[in-house]
Amino acid sequence: MEDIEVETLADPELSDPVLIEGLPGVGHVGKLAVEHLLEEFDSEPVRHVYADEFPPQVTLDDNVAQLARAEFHAVDAGEHDLLILTGDHQAQSNEGHYHLTDAFLDIAEEFGVEEGYALGGVPTGELVDEPSVLGAVTDADDVERLEDAGVEFREDEPAGGIVGVSGLLLGLGERRGLSVACLMGETSGYLVDPQSAQGVLEVMQDVIGFEVGFESLEERAEEMKEVVGKIQEMQNQQQGQAISDDDLRYIG
Amino acid sequence: MEDIEVETLADPELSDPVLIEGLPGVGHVGKLAVEHLLEEFDSEPVRHVYADEFPPQVTLDDNVAQLARAEFHAVDAGEHDLLILTGDHQAQSNEGHYHLTDAFLDIAEEFGVEEGYALGGVPTGELVDEPSVLGAVTDADDVERLEDAGVEFREDEPAGGIVGVSGLLLGLGERRGLSVACLMGETSGYLVDPQSAQGVLEVMQDVIGFEVGFESLEERAEEMKEVVGKIQEMQNQQQGQAISDDDLRYIG
Amino acid sequence: MEDIEVETLADPELSDPVLIEGLPGVGHVGKLAVEHLLEEFDSEPVRHVYADEFPPQVTLDDNVAQLARAEFHAVDAGEHDLLILTGDHQAQSNEGHYHLTDAFLDIAEEFGVEEGYALGGVPTGELVDEPSVLGAVTDADDVERLEDAGVEFREDEPAGGIVGVSGLLLGLGERRGLSVACLMGETSGYLVDPQSAQGVLEVMQDVIGFEVGFESLEERAEEMKEVVGKIQEMQNQQQGQAISDDDLRYIG
Amino acid sequence: MEDIEVETLADPELSDPVLIEGLPGVGHVGKLAVEHLLEEFDSEPVRHVYADEFPPQVTLDDNVAQLARAEFHAVDAGEHDLLILTGDHQAQSNEGHYHLTDAFLDIAEEFGVEEGYALGGVPTGELVDEPSVLGAVTDADDVERLEDAGVEFREDEPAGGIVGVSGLLLGLGERRGLSVACLMGETSGYLVDPQSAQGVLEVMQDVIGFEVGFESLEERAEEMKEVVGKIQEMQNQQQGQAISDDDLRYIG
């Protein structure tokens, strides 16, 4: 096997395609968002990317092994075709991140992509009722267009910059002359966050011009709220317990 | 030295050879299983594989140094010849796992292998009286044949997929069109487990069609049971001790 | 992207250019020093160096992403032109340090550099009122010249040698026949230290023969002194608090 | 710079040269031993080996920087010439150990070496009054010759095999048809151990046939014994102190 191996599954002509990346990350916001698009729209897998920088691992799907890989899917979403990049893994080394992102951008360029979006989450450290979507861009001219769609641009946020594939899609994409934006939904950072993913997708609808239903994401968000509720209840009970224990000891 | 160096010791013609891998892993189940085959059958070493991804280490055999390596042995086991892969080391990096497994599959293909078995253990976290053998495959069509031989296929198990050479023999083997199965004996994960290794070999007898005696493995399993019994006794005594200490304190 | 990619922004003719390196390190002494030169003198960016050995990261400048990189700037400082090397990152691996330093020296030689200075800090573990500037050289003949400019040469200091790009600019520079000195301002090691940076620059003025104002560095040094003062006050209060708490408990 | 760069300082004709390696390791036994030979005999530096697998570091010698490297010295010790390999560093990665040892063996073969000795220490975990010298070989035929010179060969010791350059000089040397032995002086593992180094050299005198004085090593061994004595005294005092404190508390 080469260091990075790209398998071609299909080579459709895409019309004004837009790259959308959603690999695993904070709150799985990006991955949830692109998986939702793949569920809601018709899509066709077009490339698989294998790499010795991925973990040496197979996952099991009905007991059948599947080698660690990233996947590109073509989606007909209306005005623009979408080229969606997802998978279960990030690279495991600095160089790996650079090499894989380069390979991803090569594929995007093969399909004629000139515009891309890296979707992800930005951790707030606490539960957020109405998560904002923060933005970063390769081209200052894109700020206004994205602000009109509801993206917030805050000075010096995220403070540490953006790491991993999302960061490099901007950094390496810019060097190739692509216009790439990173859209980051606020999320606690502790839980998988379908609500934040929905927020990011609502922005994307506006920015790219497609329409998608949100029922299944809303259901998952409701489920997560119940989980959160139960955790909070348990914490309260434990604190109550602790207090009664203390009281007893005190009284005793 | 090249990154990976393959030394040819012999080049016998093998008839319908089946690859069987048993490198170090959970409970040493895979390694015990293939070592048992090498003890019970006549075998011939055919390849040694050296690699700079192995630890920079020699082991000592009667004070004579032996460089870290993997070994292929040819075994005449009846209907099928076996090509057995074993050794004392796994690779020490992600890329190393990929490169070595690729080299292993190259050697298997040189000998005409079309079918392979990666043997290993799956940790249960507790002592198991009658360990099952779990399976994973590259080809869904193999499930029924293996179930008939006693392999269990459980949904989404092992949950984390399969890592290391065993996982990649499936993942990379599938990409070459080989039919590979991973057979994992249940084992506590805390001890070397000859009983689990025997369970895996009993399945292999059926699947491949050979017959092998189990006396020496059964003896080692008996020895391990005695060791386990002594550990449990010691733990009980310590707990008893602890209780009497407590009692004394309580009484005092 | 290549492992290391050098982008040419300008190719001015430099007169007797001197390389001055100030990458992040102890007390940010080197980086503060060269940033001060870039603020005070007219400068022109001449090279950007990207590398897969840098962190896979973009930083944000007004929400616009900038890929991790090192930068060379040409400065007209009088008698000698300066070729200033700075950036936000060091390499993340041993090999990376060697490869990047080699690339940096290639660029320096393209501009005709024969003499270089690696600026940094040396940690003392405590606040220093009047930080000295310690030196290390590639050529024993340079010691006297630097001592005349106020550099101290102490036997066996720093004890652990010099690591990272600064160390390798000496080690690899010497092998190319360049004359390189490392000038290290004493600093506590706990805080960003503009005062130590000024000390290093005062030496540099003398050594290379330029003149620069220090107002802005002095202001930053004043600010840091206030910060240090407040921290010390808080520590004293906490200790006082602790004592009163103890007293209360004691009294109670 | 290449990954590994060999600098030729001299190319003397060596007569029946024997390689002796003493790089940093347990108790610095190997390094002390070969440094003693370099002090006692006339020697000539013949090769310097630089590598990006060494730490990115310069050490300082009278404030002059010296890039991390390994060194070969030619020594006229009588019957055999010696080719001594020493330095301040080991490689920092698995691959690095393999690549460097390969480069070291290339150099040894250039000089016509057919026989080598890797000197080192084997940790006992406690102070040893009369340290033995343990052996491991590439060729079982060498055991008797070395036993006659006082080397002990113990079954399965050292239990973990031999790691690093010493181990690979055997492992990779054997694959080139060289006869290499590893001689390991017993040592506590906590302290630099000149006494153990002397033990190893006394064996070497016999094995290779040279004569060397041991005054300076004996002096260093005496110094270490004084240091050990003081440490033991301090520990006894602390224990005494602890006891009196306890007593006071008890009495109080």
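When the chains are written out, they are named A, B, C and D in that same order, and each has its own residue count from 1.
Quick note on the criterion: a residue touches a chain if its C-beta (ideal position, glycine included) is under 8 Å from a C-beta of that chain, and two chains touch if they have at least 3 such contacts.
Composition by chain, UniProt nomenclature: A, B, C, D = 3-isopropylmalate dehydratase.
Given the structure is predicted, the values throughout are model-derived calculations rather than measurements.
Colleague: Which chain is most remote from subunit C in terms of Cα centres?
Modeller: Result for the farthest chain: B.
Colleague: With touch defined as above, tell me whether subunit C and subunit D contact each other through largely the same residue numbers, more than half shared, or through different ones.
Modeller: Counting which numbers both chains contribute, under half are shared, so the two copies meet through different residues.
Colleague: Just curious, how far off is subunit C from subunit A if you go by their C-alpha centres, in Å?
Modeller: Distance between chain centres: 38 Å.
Colleague: Nearest whole angstrom, what separates the Cα centre of subunit A from the Cα centre of subunit D?
Modeller: Roughly 53 Å separates the two chain centres.
Colleague: Could you say which residues in subunit C touch two or more other chains, in rising order?
Modeller: Subunit C, residues with two or more chain partners: not present.
Colleague: Among line, ring, star, complete and other, which best matches the way these chains touch?
Modeller: Topology of the interface graph: a ring, with each chain touching two neighbours.
Colleague: Got a list of which chains touch which?
Modeller: So, checking each combination of chains, I get A-B, A-C, B-D, C-D as the touching pairs.
Colleague: Which of the residues in subunit A come into contact with subunit C in the complex?
Modeller: Contacts found on subunit A: 91, 94-95, 97-99, 101-102, 135-140, 143, 153-158, 161-165, 167-168, 170-172, 174-175, 180, 182.
Colleague: Contact residues on subunit C for subunit A in the complex?
Modeller: 1, 3, 50, 52-60, 62-68, 92-93
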